[in-house]
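These are the structures in question, set out in turn.
Across the two complexes that follow, chain A remains constant while its partner is chain B and subsequently chain C.
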Partner chain A sequence: MKTVPAEPKGVDSGPHFMDGDQAIAEGALAAGCRFFAGYPITPSTETAERFAERAPEVGALFIQMEDELASIAALIGAAWGGRKAMTVTCGPGFSLMVENIGLAAMTETPLVIANVQRGGPSTGLPTLTAQQDMMQARYGSHGDYAIIALSPDSPQECFDITVEAFNLSEFYRVPVIILTDETVGHMHEKVVIPPAEQIQVVPRNNYSGPKEDFRPYKFDCQGGHPMARAGDGYNFHITGLTHDERGYPVMTAEQSKIVVTHLMEKIHGNADKIIRLDEDQIDGADVVVVSYGITSRIAIKAIQDARKEGIKVGSLRLITIWPFCEKRIRELAPKIKAFVVPEINYGQMVLEVERCAGGKCETISVNHCGGAVHDPEVILAAIRKANQ
Partner chain B sequence: MTTDIGKFKHDSPMSGTLRMERMPHIWCPGCGIGSEVNAFAEAIKRSGIDPKKLVVVSGIGCTGRVAGYVDFDSIHTTHGRAIPVATGIKLANPELTVVVFSGEGDLTGIGGNHLIHAARRNMDLVVICNNNFTYGMTGGQVTPTTPHSAIASTTPYGNYEYPFSLPFLVDAAGATYIARWTSMDVRNVTQSIEEALAHKGFSFIEIISPCTTLYLRRNRLGDGVDMLQHYQENTVLKHGCDTRETAIDFQGKIVIGKFVDKVKPTYLEAVDQCCVKLVGDDYQLYGKTIPEREAEEKAEKEKVAARRAAVLAEQTEANE
Partner chain C sequence: MSTQEIRFSGFGGQGIIRCALITGKALSLYDDKFATMTQSFGPEARGSACAAQLVVSDERVLYPYITCPGILLALSQEAYDKYWSELPKGGILIVEQDLVKLSGEHPDLVLMRVPATRFAEELGNRLFTNLVALGFFTAVTKVVTADAMKKALPGLVPDRFLKINIKAFEKGYEYGINALSAGGGAS
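Here is the complex of A and B:
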């Protein structure tokens, strides 16, 4: 990925004390996001409010749309209008966005969506934490497509991951979802925003060659294909219909194979380049705790206590949620007794861990129905059980 | 005699405005959308606007296919979402002229919320609404504008709901240019589109149009020509008409004309006014100050006027 230093105008360098939601807005501005369309929903509103407050001085545009359907639609328009664009929401709003996440995936439109997860289902627990939208982020829209999802565990990482989300989104021309949670979203911590020259961003890759050679798509299962900006004279056509490389509808089984394979493999075929994991004491471990977001910080206490008891326990923190780190789980499974997977849902990512472990070791789910973080004792009990 | 399709497409007066390589289109014989697209293409030519700076956005349905046939930057969106996509484009690059061309089911049914909010914001968009009283692509179901008592595939015993009057709806919501014509009124449609392209703010043009295959057949109203006859006999031209008086009854009178044409700050002008007060004269949107953007707009306006004058002179000459 070709990167350039961030534009200083969007970078509020220095130490700050802010919550995760606000850090997402700062990360977006640093990454060059200049268009935000959103609709208020707890516990994500602080991102929108921060962006709205900062937009005039940065020269960005904030618009509060009439609903989440409109918000994501406006991002698609803004992206093809030449801007980096983002929105923020949580479960109920994300549910309204999923149709156009499919359109963005199909039309290979770069955009970033932060989902500050709260407890569901339905209106559920509007002010309380959860990690229940992990599968929805991956599979929410109809049809086969792939996206990238990242999960921060602190306000600092909210900033860093948002920059990364934009970079991945621009390169792979794909919606990137920041899967955070109410606890990280509302947690105030120190956030250090580096000087602009130290923040590397992927600039929009606008096509500039001859018109007759312009194709909005290249079905080569790779990222990096340029897009056109409305008004540059390339007369692009994009559609949610199955299309050829010119963007024209071709509704056949043969074309569907070409398009769907590209959309899937563009992400999954490059999983090794995309995936980031945070590993601790995995070598020689008997038990590996797989966690993400706020739960990974709760798990630290359980892991430390288990180590005091002499249990060889490692930590695998998922920074990249999707594509899932299949290869790493497959590597580890035969070497350990068990994976322990705590998460604030009824058992979602544990399904992926179990699938990839393929019966080579035990997989223990430490589920939670939302509204609070785990008691570390519960995770510790699972680690002890796993070590038996 | 055989027709050389390739030559025909190349020589077509629509070549340059329509993607001739995508012809023939999908619309039925007698459908009004073809005439509307012709009027649109003509209006674009006459308007003098730079075709590079024009974007067409459609939703889903028969009219939703318009975006696929016009030779401009064009987006075929999901059902109902053409207006918010268009809003995103316009706000991302204010120098673009953004046209939404879609059907009444798309714009006022599934997308109705976006229609009223774009009108409320006076978002600088041109919305062309083909109103054929039916969801054509899916087989002729009832829409929010189907006249009371008309038959549709989902109202087989007659429509017991009451329809929207679209000029009244968008007027109440805040649209600043509103006109209604039928697909027979090709010159008026062309002129209205030209005016709307030049208008700053939310423009709404409703075009009543026959769906020959479904609405007309199911209601035993004859074919496309019969419906044009009906339009000729039953349209009432009333420029400036109070939009409360524009309701359409089954096979009743259709009030046509330009109902609203007024000046109000657009969404972006309102943003500028607010931000310049806050930040001062240094205020920039996407790196450009207000005077810089105004100067660019003025220069573009002069080019548009020159192109328009040239096209009109050429047309006058051809007519003489």
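Here is the complex of A and C:
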């Protein structure tokens, strides 16, 4: 990925004491996001507030839309108008966005959506934490497509991951979803925003060659293909229908194979480059705790207590949720007794872990219906059970 | 590694969350500590119970919640009733002395009492109660330096009220220093 230093006016360098939601807004501005369209919803509103407050001084545009359907549609338009664009929401709003997430994936439109998860289903628990939208983020829209999703565990990582989300989104021209949660969203910690020259961002890859040669798409299963800005005089077509490299509809099984393979493989074929994991004491472990977001910080307490009891337990924290770290789970499964997967849902990512473990070791789900974080004792009990 | 867990509590409108924000910012930006602040977050209204938690450490805070708070600041009766028994032996209990009626002598705790609301009213507005309480808290707990707390105020209190908030803080701080030299929480 070609990167350049961040534009200084978007970067509020220095140490701050801020919450995760605010750090997402700062990460977006640092990454060059200059368009935000959203509809306020707890517990994500602080991101919108921060972005709106900072937008005039940075030269960004903030629009409060009539709803979430309009918000994501505006993002698609803004992206093709040349802006880096983002929105923020939580479960109920995300549900309204899924149709156009499919359109963004199909039209290979870069945009970033932060989902600050709260308890569901439906309007559920507006003010309380959850991790229940993990599968929805991946499979919410219809048809075969792939997205990238990242999960931060602290306000600092909210900043860092948002910059990364924009970079991945620009390069792979794909919606990137930040799957955080109410706890991290509202937790205040020190966030150090580096000087602009130390923040590497992927600039919008605008096409500048001969007009007749421009193709908005290239179905080569790779990222890095340029876009043209609407209004700059390039003739191309954008549609949700299956299309050719000029963007015009070609609705055949043969073309579908070309397009869908590209959409899937540009992400899954580059999974090794995209995936980031945070591993601790995995070598020689008998039990590996797979966790993400706030739950990984709750699990740490259980892991530390288990180690005091002499249990060899490692930690595998998913920073990248999607694409899923299949290869790593397959490598580890034959070497350990069990995976323990705590998450604030009824068991979602555990399904992926279990699938990739392929029966080579046990997989233990430590589920939680939302509204609070786990009691670390419950995770500790699962680790003990896994070690038997 | 030294870790300190603090609970700030009272009722909505007293500036409880702000207390934790100011202290957390002071510690992590100006006192070279790590601080993680979490808060009760719900459809609360002014007047209902409110609490914020701060975990302070010399190293990065991993587990973000308090498990055994060593310090409780209780600015309301409800907060005191609900939380005082969490404190371990030797824990510091700071109460708003005009708003909290103690249920016992608490010989196992370091009990400190401050008439924060009254002092704030003397300064012109009870809105400054939290800063008086924070000044007192700073003096008697020594968890955070007064200098760091004052540096943390800009941005967390309105600019036009910065001076009066610093004055409120200093009033509480001075009262705390005097209380310490008087040998405890009796006032």
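Note that the second predicted complex is superposed on the first by the 388 of 388 C-alpha atoms of A that agree within 3 Å, B and C clash if a C-alpha of one lies under 4 Å from a C-alpha of the other, contacts with A are read in each partner's own complex, and residues count from 1 in each chain.
Going forward, contacts are C-beta pairs under 8 Å (C-beta built on N, C-alpha and C of every residue); 3 or more make two chains touch, one makes a residue touch a chain.
If you're wondering where the values come from, they're calculated on a predicted model, not measured in any experiment.
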| message | I'd like to know which partner A:Asn100 touches here: chain B for first, chain C for second, both or neither. | response | first
| Should A:Leu351 be classified as contacting the first partner (chain B), the second (chain C), both, or neither? | neither
| A:Leu69 contacts which: chain B (first), chain C (second), both, neither? | first
| message | Taking the superposition on A as described, I'd like to know which of chain B and chain C A:Arg297 touches: first, second, both or neither. | response | second
| request: Tell me which partner A:Ala78 touches in the superposition: chain B (first), chain C (second), both or neither. | output: first
| message | Per the contact definition in the header, classify A:Cys221: touching chain B only (first), chain C only (second), both, or neither. | response | neither
| Can A:Met264 be said to touch chain B (first), chain C (second), both, or neither? | neither
| Which of the two, chain B or chain C, is in touch with more residues of chain A? | B
| Looking at the overlay, what does A:Pro376 touch: chain B (first), chain C (second), both, or neither? | second
| task | Determine where on chain A the residues touched by chain B overlap those touched by chain C, and list them. | result | none
| note | Touching chain C in the complex, chain A uses residues 15-17, 43, 126-128, 182-183, 186-190, 294, 297-298, 300-301, 373, 376
| message | Which stretch or stretches of chain A touch chain B in the complex? | response | 34-35, 37, 56-57, 59-61, 63, 65-67, 69-71, 73-83, 85, 99-100, 103, 228-241, 248-249
| field | Of chain C, residues touching chain A in the complex | value | 20-21, 24-25, 28-29, 34-39, 41-43, 61-65, 152
| field | Residues of chain B touching chain A in the complex | value | 19, 22, 52-53, 55, 57, 67-68, 71-78, 80-81, 83-93, 95-96, 113-114, 117, 267, 271, 274-275, 278-279, 283-287
